[in-house]
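Pasting the structures in now, so scroll down.
Both of the next two complexes hold chain A, though its partner changes from chain B to chain C.
Our next item is the complex of A and B:
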């Protein structure tokens, strides 16, 4: 097998490898800025310099030539090589900054050049704390600058597009953003303008950077040049708390991280999953942070007279719900599950009404034909359409929902804005007692007689099945009134969560929503009406499902966590307009 | 000028086709086609860049990047004659700034500006590779005027006003003059 010698260690490799990627895969480090594993390699930042050479082989005998000490002779390449674009070959010798002073010096000098016109405004820069330029300057850079002349000034606060703001002075012209627009989103909206020390990325004068994937350039920008207009100056990254989750704004189920501070989701970034979204996600999914914070249903509410909703206690909500159930036969109920909620929520919800004697809950997919592209935006507007099919909810179209409402006395809707998305009208619900279990205020909750606030994806652990049949799960990222980060081992703790107290003025106890997971609310309701229904955690629901539903056999939260989601052996169902 | 009014004539489109045929991709023809456009309009302002991009079926951003890279493409309207005065090292040592300031005084404008009659634009540029004949200037991306003196500059301006462009002159470095004489004999 071909062999390569990196920092005096021997490694074997098979196939085509670039030196940098190979070194990174070994868990070692070489600093770099412009290289990105999912894009082309221009080698233009010059940061990943290594010293490279080749052992000399005698062409006739095939033996390595030895020097007087019996060591193999090395023919060094005449110059330093950029390891990102250096293809490994048999007998190659590479010395990184770890073993070669020359490589170390080359990297240091490159950094000094890159920093000549960089403003060094880290204290006010959003990228600080997660900035490759900052980190690598600490590790490999010069102690100071020898540049004593005035720095070149370039445009600041440029609105490149509706979501991206450019600070051209910070740019090191790695062209990652330009290559992203060329190769990944293929809108070709960016280029590098001007030249020399005056260049920076820009759109054509008649265009704006309205790429539906534009915010990915903010993630891959190795400095603070491209910043998210929404997130600019909102929080320092080291004060936030990062929790893995799933994008719920469409059917693709992009893997994401939720960044919270004081129990507010401040930004959403993609999490690498080669099977689903690689390193990317659509901008729309990032804008969902607002729906986790704002316009939430907090505390149950009940309609007192015609159109007047008023908050009420949980006890009263349970009591009212129970009285309604006791006053009606199961066949007078119209029970609607939803592709907008997780598998666990739908399963527990459906099972509860099954136990009461109602038939399976109905649901209607939320599809906008032609809305998607062939990349990460889908026609399907809901994250869990296949999950509803998996647990055998009754799939129906809009008219199916309408006729179910017409023939019912009580309508119970799980977390689906059926009025807002045009399936029902508020008038359809007017003469029926309508109960909504909802995360956010919507036209449906407004038309409801009883509204039960439930946790959203940012507040519970639950799984979702995407359009390709992959099951992936979320973690609780923000506390509700009834959860506590320090007691719930599933929640991650940021620096402020760990060291802040209620008495510190930089810690805020607000932003906690008064809501419960669906299953917990149904526990209370079941207890009140004497139903044998008890789930302490979504994990218990999932365990029961994996026992009972064939495609879920052998699948657990642990497997989903380890394997970044699990592909289910279900038939790929084309999600179509019902 | 609005974008609708901008268009290449059939002759120009034919020429662009000939240029495209010389290169493996349309992208590679960007420089030459921008040149065609600049000859036609005298500048490549953003709307002209867009015309080039749309004609070549290339991203507008790409053409913009190329046009902004090269100082020889004029991104603004210029005078009939653009005087690129070199003030890089060799010219500077030999009096490049004297020439530039003399020109500025003569025409009543600063480097980077255009005279009111739209006749002249002065630009201060970096090395044009004629260090042996410093100080020098270039007229509208074309001929060089070499070994400049104030008198020579005055004469040049006078001629240009009459519409007479300087002729191309074959230059020899001073240390080679003797050899040139020998060769010509």
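Our next item is the complex of A and C:
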């Protein structure tokens, strides 16, 4: 097998490899800016320079030639090589900054150049704390500056498009954003304008950067040149908790991170998953962060008289719900699950009403034909359509939902804005007692007689099955009134959580939603009406499902965490559907 | 060194009126070399043409001085992909203005050379990329191409041989970097003139990913001479290891600036004092930039016995470049001159690679500071440091081209630079 020698260690490799990627895969480090594993290699930042050469092989014997001291002879390349564009070949010798002073010097020199015209406004820059330029300057850069002349001035606060703001002075011209728009989103909306040290990325005159994936350029920008218009100046990265989760705005299930501070989700960024979304996600999914904080249903509410909903206690909510259930036969109930909620929620919800004697909950997929693209935006507006199929909810269409409502006395809707998305009208529900278990205020909750606030994807651990049949799960990222970050082992903790107290600036009770996970509410309700129904945690639900549902056999939260989600044999599932 | 140059008759830009017209060119044996090849395809197989040109060792006239025939031989075997010849007429380094004379006075010689090259490399399409500021010469050249099409030298089924070669003329928008060979390819493809990383080399992956060879205009104009007279004859002209006629573009403080055709290896002093009519106002020679402003400047005392060929200039401490000689007299302010050169490279850096983008600007700003009398001695060392930080660290050679003049001008005229710097405020014991 071909071999390379990196920092005096021997490694074997197979196939085509660029030195930088190979070194990174080894877990070693070489600083770089313009290189991105999912895009073309321009080798323009010149940061990843290494010293490289080749052991000289005797053509006839195939053996390495030795010098008088018995050492292998090396033919060094005449110039420093950018490792990102250096293709490994058999017998190649590479010295990174760890073993070569020349490489270390070359990297330092490039950083000095990168910094001379950089504004060094880190204290007010959003990128600070997660800035490759800052980090690598700290690690590999020169001390102080020899630059005593005027910096180049370029446009600042340029609104490139509805979601992205440019500070051209911070730009280091790595062209990652330009290449993203060319190669990944393929809108070609960006280019570099002007020349030399005056150049910066820009749209064509009068064009706006309204690429549906535009915010990915903010993620990959190695400096603070491109910032999210919405998130600018809102929070420092080190103040936030970063919790892995799943994009619930469409069927793709992009892997994401929820960034929270003081129990508010402040931004959403993609999490690398080569099987689903690579490094990317649509802008729509990021804009969803508001729905976790605002317009939430907090505390149960009840309609006392017409058009007058008012908050009520959990006790009263349970009592009212129980009375309604006791006053009706199971066949007078129309029970609707939803592709907008997780598998666990739907399963527990459906099981509860099965135990009561009702048939399987119905659901209707939320599809807008033609809405998607062939990248990460899907026609399916919901994250868990396949999950509903997986647990055998009764799939129906809008008319099926309507006729179920017509023949029912009580309508129970799990987290689905059926009125808002036009499946039902408020009038359809007017003469029926309607109970909504919902995360957010909607036309449906408004038309309901009893609204039970439940946790959203940012507040519970639960799994979702995407359009390709991959099951992936969320973690609780923000507390509710009834959870405690330090007691909940699923929750990530930031520095502030660890050291903050109730008197800390960052602890604000108002941001905690007064809601319960569906299963927990149903525990209370079951206890009240004497139903044998008890799940302590969504894990218990998932364990039960993986025992009972074939495609979920052998799957656990741990496996999903390790493997970034698990592909289910979903075709098989579709066959059993038919 | 060439001594009998006075009897030399120009071959590339001979003194023949209206040679740019195809009838006149044909009257003077124009397109004879090309016809000879087409008429004797066995004697002049594609390989034989390449070998003849390789044996003649036409050193690339665009500055790098690489053997043109050898370059042709790097083209892969023909496959289903189209093959291109891209002709570089984007000369825009200060001091370089020789290709312009070919476009104006003998465009058909170049067209013929390009056709022979295209034949030798089985090329289907020739692109001619001309400096945008040369719009008048673009028009002259386009007319010549039109004539060549009319006469059947270009287009489909050339002279009834079944060979098809198309030629397209295009011109730049004013960027020096588009004269860098891969920058030119990008520009030809309609993109920003960002030089490409090599490998892959253009012969493997050039225009639109297809095999492409890039030659300078003057280089190709030498090709018909080689075919007509043979490699041995070509080797007999000029200096050892650097043959053939060269267009010397002489500018600066001389009485008769202009483009002069003489053999390679001309004595520098003869070129300045005889050919270009001596220094203006009978001043003393101070320095010479031998081959365009990127080549290292030579002091007058370094020029003794030096001739214009790569070996002699290398020994003297500079390079042949494009033979665009900038003659500087005793009144030249080297600080001003160097500042102006760095201004050029700062303005022309494409901005792709960090060391060049940032370095060229920094060089200019520090030199401006020194020029304005605000520099300090340490700035000179900073400038020299910067040149080391830039050289060999970028995709193309523009950073080198910007760094060399700074390093060599400061090293060779350090006194002048130190004199312009602020005096140290610290007492020296």
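By definition in this document, the second predicted complex is superposed on the first by the 568 of 578 C-alpha atoms of A that agree within 3 Å, B and C clash if a C-alpha of one lies under 4 Å from a C-alpha of the other, contacts with A are read in each partner's own complex, and residues count from 1 in each chain.
The criterion applied here is as follows: contacts are C-beta pairs under 8 Å (C-beta built on N, C-alpha and C of every residue); 3 or more make two chains touch, one makes a residue touch a chain.
Keep in mind the model is a prediction, meaning the values are calculated, not measured.
**Q** Return fit or clash for chain B versus chain C, each positioned on chain A through the superposition.
**A** clash
**Q** Which of the two partners, first being chain B and second being chain C, lies in contact with A:1: first, second, both, or neither?
**A** neither
**Q** Using the touch definition from the top, say if A:487 reaches chain B (first), chain C (second), both or neither.
**A** The answer is neither, since A:487 touches no partner chain.
**Q** Quick one: chain B or chain C, who's touching more of chain A?
**A** Result: the larger residue contact count on chain A belongs to C.
**Q** In the superposed arrangement, does A:204 touch chain B (first), chain C (second), both or neither?
**A** After superposing on A, A:204 lies in contact with chain B but is clear of chain C.
**Q** Can A:124 be said to touch chain B (first), chain C (second), both, or neither?
**A** neither
**Q** In the superposed arrangement, which partner chain does A:191 touch: chain B (first), chain C (second), both, or neither?
**A** both
**Q** Which listed stretch of chain B (8-16, 26-34 or 152-160) steric-clashes with chain C in the superposition?
**A** Clashes occur only in 26-34.
**Q** Just to be sure I follow: which residues of chain A are touched by chain B in one complex and then by chain C in the other one?
**A** After superposing on chain A, chain A residues 191-192, 194-195 contact both chain B and chain C.
**Q** Residue numbers of chain B touching chain A in their complex, please.
**A** 46-47, 49-50, 53, 59-65, 68-69
**Q** Sort out for me which residues of chain C touch chain A in the complex.
**A** So the residues of chain C touching chain A come out as 175, 177, 192, 194, 197, 199, 346-355, 357-362, 365-366, 369, 382, 389, 392-395.
**Q** State the interface residues of chain A toward chain B in the complex, per the touch definition above.
**A** The touching residues are 181, 188-195, 202-207.
**Q** Give every residue of chain A touching chain C within the complex, in rising order.
**A** 41-47, 49, 78-80, 82, 85, 87, 106, 109-110, 112-114, 116-117, 146-147, 149-150, 152, 172-173, 175, 191-192, 194-199
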